Amino acid sequence: MGYRDLTVLRGVTLEIVPGEVLAVIGPNGVGKSTIVRVASGRLPPQSGRVGINGRALHELSPSARAQLVCVVPQATNLPPTFRAMDVVLMGRTPYLGWFETESQEDRKLATEAMALTDTLDMAERLVEELSGGEQQRLLIARALAQASPIMLLDEPTAHLDLRHQDRVLGLVRRLAKEKDLAVLLALHDLNLVSRYADRVVLLSDGVVRQVGDPEQVLNPDLLAEAYGIRIDVVPSPVDGKPLVLSAE
Amino acid sequence: MQSRLRDRIFDRKAERTHLQEVARSLGLFSLAFALLLTACAAPADLLAGPLQVTDGLGREISLEGPAVRIVSLAPSNTEMLFAIGAGSQVVGRDEASDHPAQAAEVASIGSTFGQLNTEAILALDPDLVLAADITAPEQLQSMEALGLTTFVLANPSDFEGLYENLETVGELTGHTVEASELAANLRARVENVIATMGDIDRVAVFYEIDGSDPSAPWTTGAGTFQDLLIELAGGENVASGIQGWGQIDIEQLVIQDPEVIVYGEGPFVVTTVQSLSERPGWDGIAAVQAGRVIPIDTNWVDRPGPRLVDALEAMARALHPELFD
Amino acid sequence: MKSAAVSSISPWIWTVGALVVAIVASVAIGAVSIPVDAVAGILLSPLVEFESEIPPAFSTILYEIRLPNLVLVALAGMALGASGTAFQGLFRNPLADPYVIGVAAGAGLAAVLAMSAQWPADLLGMAAIPAAAFVGALLTVALVYALARVGRSTPVTTLILAGVAVSSFATAITSMTMLLSTSELHRAVTWMVGGFALGGWGPVMAALPYVALALAVLLTMGRPLDVLQFGDEQAGQLGLDVDRVKLVIVVAASLAAATAVAFLGIIAFVGLVVPHLARLLWGTSYRRLLPLATLLGASFLLGADIVARSIISPRVLPLGVVTAVVGAPFFLYLLARSKRRLRAW
């Protein structure tokens, strides 16, 4: 899979299941974002297919696709003078014709999504008045309003501080369990992966190196080979989960 | 809406018919005098009956009688109207019509960048709108749609065309006698210039209409009235290779080496004899070296009216001063 | 924070109020001063019998010149307002306007070509120059769109680049054609700066179906335009058929602008200033902006038309000159006044 003249990933076979957070890790440029784009159906694979319950995703109409898969992008360049509520309402797009406007039902779903993401109190505020963490939660609310069984997240914590990183990923994990969502998470930060993912996929050189639970994949030798530096993994003094450290 | 408009047009026609009846009865009364005093051709004879005249677009234009409320849409038209004594019948004029001085007193109907104020024209209630080549066909059509009678006076391509235009304007306004007299007078002056020239040696002339770009000044080539003026005045247009208006390359001009340079002088023209002579590269041209750079009033030349003859005489004087001393 | 009720109603009061004022002023003001009671008398004459004598020319001026002109200018203003808003939303750029992708240049070229071929005012019963301009504008937009396509999508950058390139080319050919056919130069200049002020109801009837169709489509594109504000990638992930939406908006907005250009010449700045003003006053949601900018466009152009007809009366100033002279400084004022909001398209 990849772009017109460039094959970024080869022979990747992944399966995500409801209620599970699957994290994709790997060095820069390895194709984490490409996986998200292909899995969202925006980018058709050069060979093979992306299917949901047996249906090929990129052959569906955009709205049918969006009813099955929602994407949480990085919270950058959002239209600054949109009200927070309007941003979340955009999640209802796949259920509306071009000429339709949101119904009471759509507003109710958006309000619920905002309640779940703890953004309801900022509903009337403008995007430009919100912090990065608030904007990121707003995008998760928008994805929830989309009410699709699969949620893809591309580096949702890239611009967040420690506290907000935890809040956002904790929220994603809780939602996966409560709403039985299948979550695919592209993430740089291996220690966040260790804490929030159920399963991890390690990519390097365009192929899958390892799939398994965090303890299995966050292995010093595997990581050293993939990232090209010496790496130590120790149990975290907080919760005993693997803690990844550079040993250079 | 349409029927409403038609009613109104009929109203206007009815008014005029009434006027003509009055005039006609007066006319019968004075018929005896008229027989005695045949020279009494004086003011626009409202006695004349309906007219049918072919305009510059080949349209047959019908008038109930000579026009008495005329809107002129071009300076040349205005000049012709006043020259044949129909000035008092002009009720509206375009913004550029500034000659003769009395014309400026007539109400302007606008025309900036060619935009006409139809509302002002309509309010003047004209019985004839005298248009010209510069009037866009769309404007003619819309004025016709508003119930106005338009007549296009095409630009003449030679002096015969000018005389014909004068006769036409005379016919439209009831000044046929004055128009014929003026045409004969102008014809005599033109023929005098031609006779004076005989088969004199022709001088090479460059005619500049705009020198904003001294390296490629605008000139008038074959087919223009300027070209004709040069030829009749005993000259040879160095730009006759150009068709119509165009820019000539300064290198071409230096090679052609005209003996006389004539430039149009008037509004928007900043060229002077001095500035033209000081342009880089122009000092090599014979006309500049001999000091034979002569201005001519651009309005005489650009407006295809009676003053074209003034332009011809000025051109002849410029090219062959020796014949006029 | 303003009260939601007030902020959601007042823009409508403002825009509708401004339009009513503009319409009344437009009927009352002209080269010929018609007393207010005469105007009322003429307009009400089908209903009420009036004693007073009203000159018949007044009635012709009102019914055959002022009213059709008012409707045509209002239609063009609506078309340019909606079209400008749609293009700004599509390009997510407050400096975009319909002319960016070649509407004006294409219309100008076609009009000048038709004039140099000495087309008459009337061809097969249609106003020939507006018809040519209209077709030229649409063909140019189609060409620009085809050139800008990359695979299945149409990125904004290639669309603008193709628009600039094709416009420059068309403008160059236009200049050349005008220089080569000096006999039609005057007609061409007249058309370009403000159309022909045709008068009568013919042009109104010719323009109405296109403007109505384009506005009907554009006014329902508010929500898709809102979704597009998140960028093509997110809009697609949100379930919008991005390529088709863009195509529909480009076609409808070009149709609207092409109609305005065809009948009133190349009118600068309306498509730029009007949506911008509406956005500064009332925020960014295209669902609100589109109808507001449409109404505001009509008021703005009617106001410009009143100035054009009265400032140096009886001479008429070309409409395009007025909108540029009024629009450019106004645009700079808006820019200076609200730089914070400018970032927030």
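Labels for the chains are A, B and C, by order of writing; each one numbers its residues from 1.
Note that a residue touches a chain if its C-beta (ideal position, glycine included) is under 8 Å from a C-beta of that chain, and two chains touch if they have at least 3 such contacts.
No experiment lies behind these values; they were computed from the predicted model shown.
Q: Have a look and report which chain pair racks up the highest count of C-beta pairs in contact.
A: Looking at every pair of chains, the most contacts join B-C.
Q: As a test of understanding: of all chains, whose mean C-alpha position lies farthest from that of chain B?
A: So the farthest one, by centre of C-alpha atoms, is A.
Q: If you average the Cα atoms of each chain, whose average lands nearest the overall Cα average?
A: Taking the mean of C-alpha atoms per chain, the most central one is C.
Q: Express in whole angstrom the distance between the two chain centres, defined as the mean CA positions of chain A and chain C.
A: Chain centroid spacing, chain A to chain C, equals 44 Å.
Q: Quick one: report the Å distance separating chain A from chain B, using the average Cα coordinate of each chain.
A: Chain centres of chain A and chain B, defined by C-alpha means, are spaced 80 Å apart.
Q: What is the distance in Å between the mean C-alpha positions of chain B and chain C?
A: 38
Q: Which bits of chain A are touching chain C when the two form their complex?
A: 4, 40, 42, 61-63, 65-67, 69-71, 73, 77-82, 86, 90-91, 93-96, 98-101, 124, 128, 142, 146
Q: So in the complex, which bits of chain C are touching chain A?
A: Residue positions touching the partner: 1, 4, 151, 220-221, 223-224, 226-227, 229-231, 233-234, 236-242, 245, 248, 283-285, 287, 341, 343-345.
Q: Tell me, which parts of chain C touch chain B in their complex?
A: 30-32, 56-57, 59-61, 63-66, 120-122, 127, 129, 179, 182-183, 186-187, 189-191, 193-194, 196-202, 309, 312-318, 321
Q: State the interface residues of chain B toward chain C in the complex, per the touch definition above.
A: Within the complex, chain B contacts chain C at residues 1, 4-5, 8, 11-12, 95, 107-120, 122-123, 125, 133-134, 136-142, 145-147, 244-246.
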